[in-house]
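The next block holds one structure in the form of structure tokens; read it before the comments.
All chains are identified by letter, namely A, B and C, in their written order; residue positions are counted from 1 within each chain.
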Amino acid sequence: MGDALVAILLGLPMTLLVTAASFAIGLVGGVPLLLGLRSRIRFVRLAVRLVIDLIRGVPPIVWLFLLYFGIAIGSFRFNSLVAAIVGLGVISSAYLAEIYRGGFATLPRGQFEAAQALGLGRATTLGRVLAPQALRTALPSMATFLLSLLKDSSIASTIGVTEMVTAATVFARQNTATAGIVPFFLAAAVYFALSIPVAVFARRLDTRLRKAL
Amino acid sequence: MNAPLITSSLELATAGVEISHLSKSFGSHLVLDDISMSVEPGSVTALIGPSGSGKSTLLRCVNLLETPDAGTVTVGSQTITAGQPVKDRDLLALRRQVGMVFQSFNLFPHFSVLRNVAFPQERVLGRSREEAEARALTLLERVGLKEKAHQHPARCSGGQQQRIAIARALALEPSAMLFDEPTSALDPEVGVEVLAVMRELASAGMTMIVVTHEMQFAREVGDHLVVMADGRIIEEGVPAEIMAAPKEERTRRFLSAVLER
Amino acid sequence: MSLVDYLPQLGRGLLLSLQLTALSVLFGYLIGLVLALGAASSKWWLKWPAIVVVEIGRGIPALVVLYLIYFGLPSVGILFESLVAATIGLTFTAAAYSSEMIRAGLQSVPRGQFEAAAALGLARRSTFLRVVLPQGLRSSIPALMGLAIMSFQATSLAYSISVPELMSQAYQVGNLTFQYLGVYAITGLIYAAIAVPATWLSVWVEHRLARGAA
């Protein structure tokens, strides 16, 4: 059991790398999508909405296979790690744009009107008045999404990224006689342990916000 | 409203309400401090006072939506003593005798108006569906809302919802009715419809305890006025007399604040 | 052979994906309801086991759940066929998530509803079954619809334990034709063709419920 735990923990940094990198891509990538959703031009709004829904409508595993096996431009191909990060990053951008939008949607209309009445420009209104408030209400959802991304990073194992699930599978295969259910059980336990701090953080944020509102 | 008396088809068996030495705390805050009061069968008691004075809590203790810490509540022949374990059967028996109307109506949004009034009769009085719905229709007609019977409450105005809530409570043939600020959530012109129904109910001889800010209603309809502040009864008596010449300084301040609005 | 010739094969896979979705949603939501009632119970021996099961179900990736059941359990003598293993695993995940949604729905029922029922003298049983539960379930409908869409997408993970659903079929077709880009693009579009309109439907339902229409 000790060997199995060591083997799985060796996969942990890769799990964290995939999660963190794709979340970072999403944090940034969600912004232009959000701006598109809030555009004054109806066509842009509808087009961006369709793109976001399409990205979210395709399962993560299909995205990863599409990028890893499907993209070949000349001699260029993604290696499995980059494919996983880019794929989950694209998905994160769509989900985070939607979460940002939800944050803005809960803002009272009076905030927008007050900023307008004060003669603040569109950019100032959005960037300095609305966005900070929206981000605050969006934080619990963002934490929850980070958790689901952590779990989705396990899908990277299907294209050969050597993260925790791959580590568990490899260990099970190399120790068929002795390993049994243990490596998978340990991997599950590590995911569960990782999810606790984020879940506690999200819950605390949630109650604090509810008190503040 | 020139509808016939809403209660003409009801068996009106009114009961008195007796509250004695009632106390209640929320945490370290004493909300009700040794309250005793007596409501004669068939009379209307108006309960007034500043917000936080404990009047709603007192009302909610009568049907045990709040559990008092000490004292007794008697409705008709049913007495509940605080501190003693209350059997479910006794609790339900007490609540079946007492109807309650809330500030926020609290109709069941997933039922039609008709089902709102009929469903409790089926469950609480064991009436058949036909009987309960026939009775519900009669009551809805009496509060002027028969045409709304098959709509959902969300389609009704606040004043209509409150009249439906009154019909729902009356359908169970209570022997006393509690009103917790029944018009506070309504625009004045709509509140009038609700007050009209309540006036009729009073003149039909229903025992009523009404928490309200409607001073005119309290004066004209109330037999008895109870003024509360800080969890105590500071003054009580004939409404018109108290309003004309309050004995207590706090009563005077409260009345002038309410009347200035 | 062009990719079009493989569409029937993908269609057969899709059919299995949909069946897997239906089963895991049906059983998952029923178990989710039981777990939600357990987690809301005042009895600790009902409450805590329910909460533990729910948190485990939500804390572990669905893929790991599938591996545990399909590759792990045989070592302790429990052997499932891949389709059964996938159904059990996806049901477990759906149950854990749906129970939280149902619990949130039940909690959203206003206190006034309990008070009105109590004041009318309704017994606890009828209050819960006829007043609280219908309203709670109603307000959790949009979230449960969203979860059903997630469950449909999650069936693609069953590929990894060789259930011949849509993703597995796509993988096979890719290996036969070497047209990976085309195959996975088509497969992605098939998933999206179901998930996207379903999402729109759930948004529409949510708006309708929010407006309080019957």
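In the analysis below, a residue touches a chain if its C-beta (ideal position, glycine included) is under 8 Å from a C-beta of that chain, and two chains touch if they have at least 3 such contacts.
In UniProt terms, the chains line up like this: A, C = Amino acid ABC transporter permease; B = Amino acid ABC transporter ATP-binding protein.
Please read these numbers as outputs of a predicted model, since none were measured by experiment.
Undergrad: Can you identify the chain nearest the overall CA centroid, using each chain's own CA centroid?
TA: Minimum centroid-to-centroid distance belongs to C.
Undergrad: So, comparing C-alpha centroids, which chain is the farthest one from subunit C?
TA: Between subunit C and the rest, the longest centre separation is with B.
Undergrad: Need the CA-centroid distance for the pair subunit A / subunit C, whole Å please.
TA: Chain centroid spacing, subunit A to subunit C, equals 20 Å.
Undergrad: With chain centres taken as the means of their Cα atoms, state the distance from subunit B to subunit C in Å.
TA: The mean C-alpha positions of subunit B and subunit C differ by 46 Å.
Undergrad: So how far apart, in whole Å, are subunit A and subunit B when each is placed at the average of its C-alpha atoms?
TA: 53
Undergrad: Show me the residue ranges of subunit B that touch subunit C in the complex, using the header's touch definition.
TA: 63, 65, 88, 92, 95-96, 98-100, 102, 104, 106-110, 119-120, 123-124, 152, 154-155, 165, 168-169, 172, 178
Undergrad: Going by the contact rule at the top, pick out the subunit C residues touching subunit B in the complex.
TA: Residue positions touching the partner: 110, 112-113, 115-116, 118-124, 126, 130-131, 134-135, 138, 212-214.
Undergrad: Can you check the complex and tell me which residues of subunit C touch subunit A?
TA: Touching subunit A from subunit C are residues 55-56, 58-65, 67-68, 71-73, 75-76, 153-154, 156-157, 159-160, 167, 170-171, 174, 180-185, 187-189, 191-196, 199-200.
Undergrad: Which of the residues in subunit A come into contact with subunit C in the complex?
TA: Residues 53-54, 56-63, 65-66, 69-72, 151-152, 154-155, 157-158, 165, 168-169, 172, 179-181, 184-185, 187-188, 191-192, 195-196, 199.
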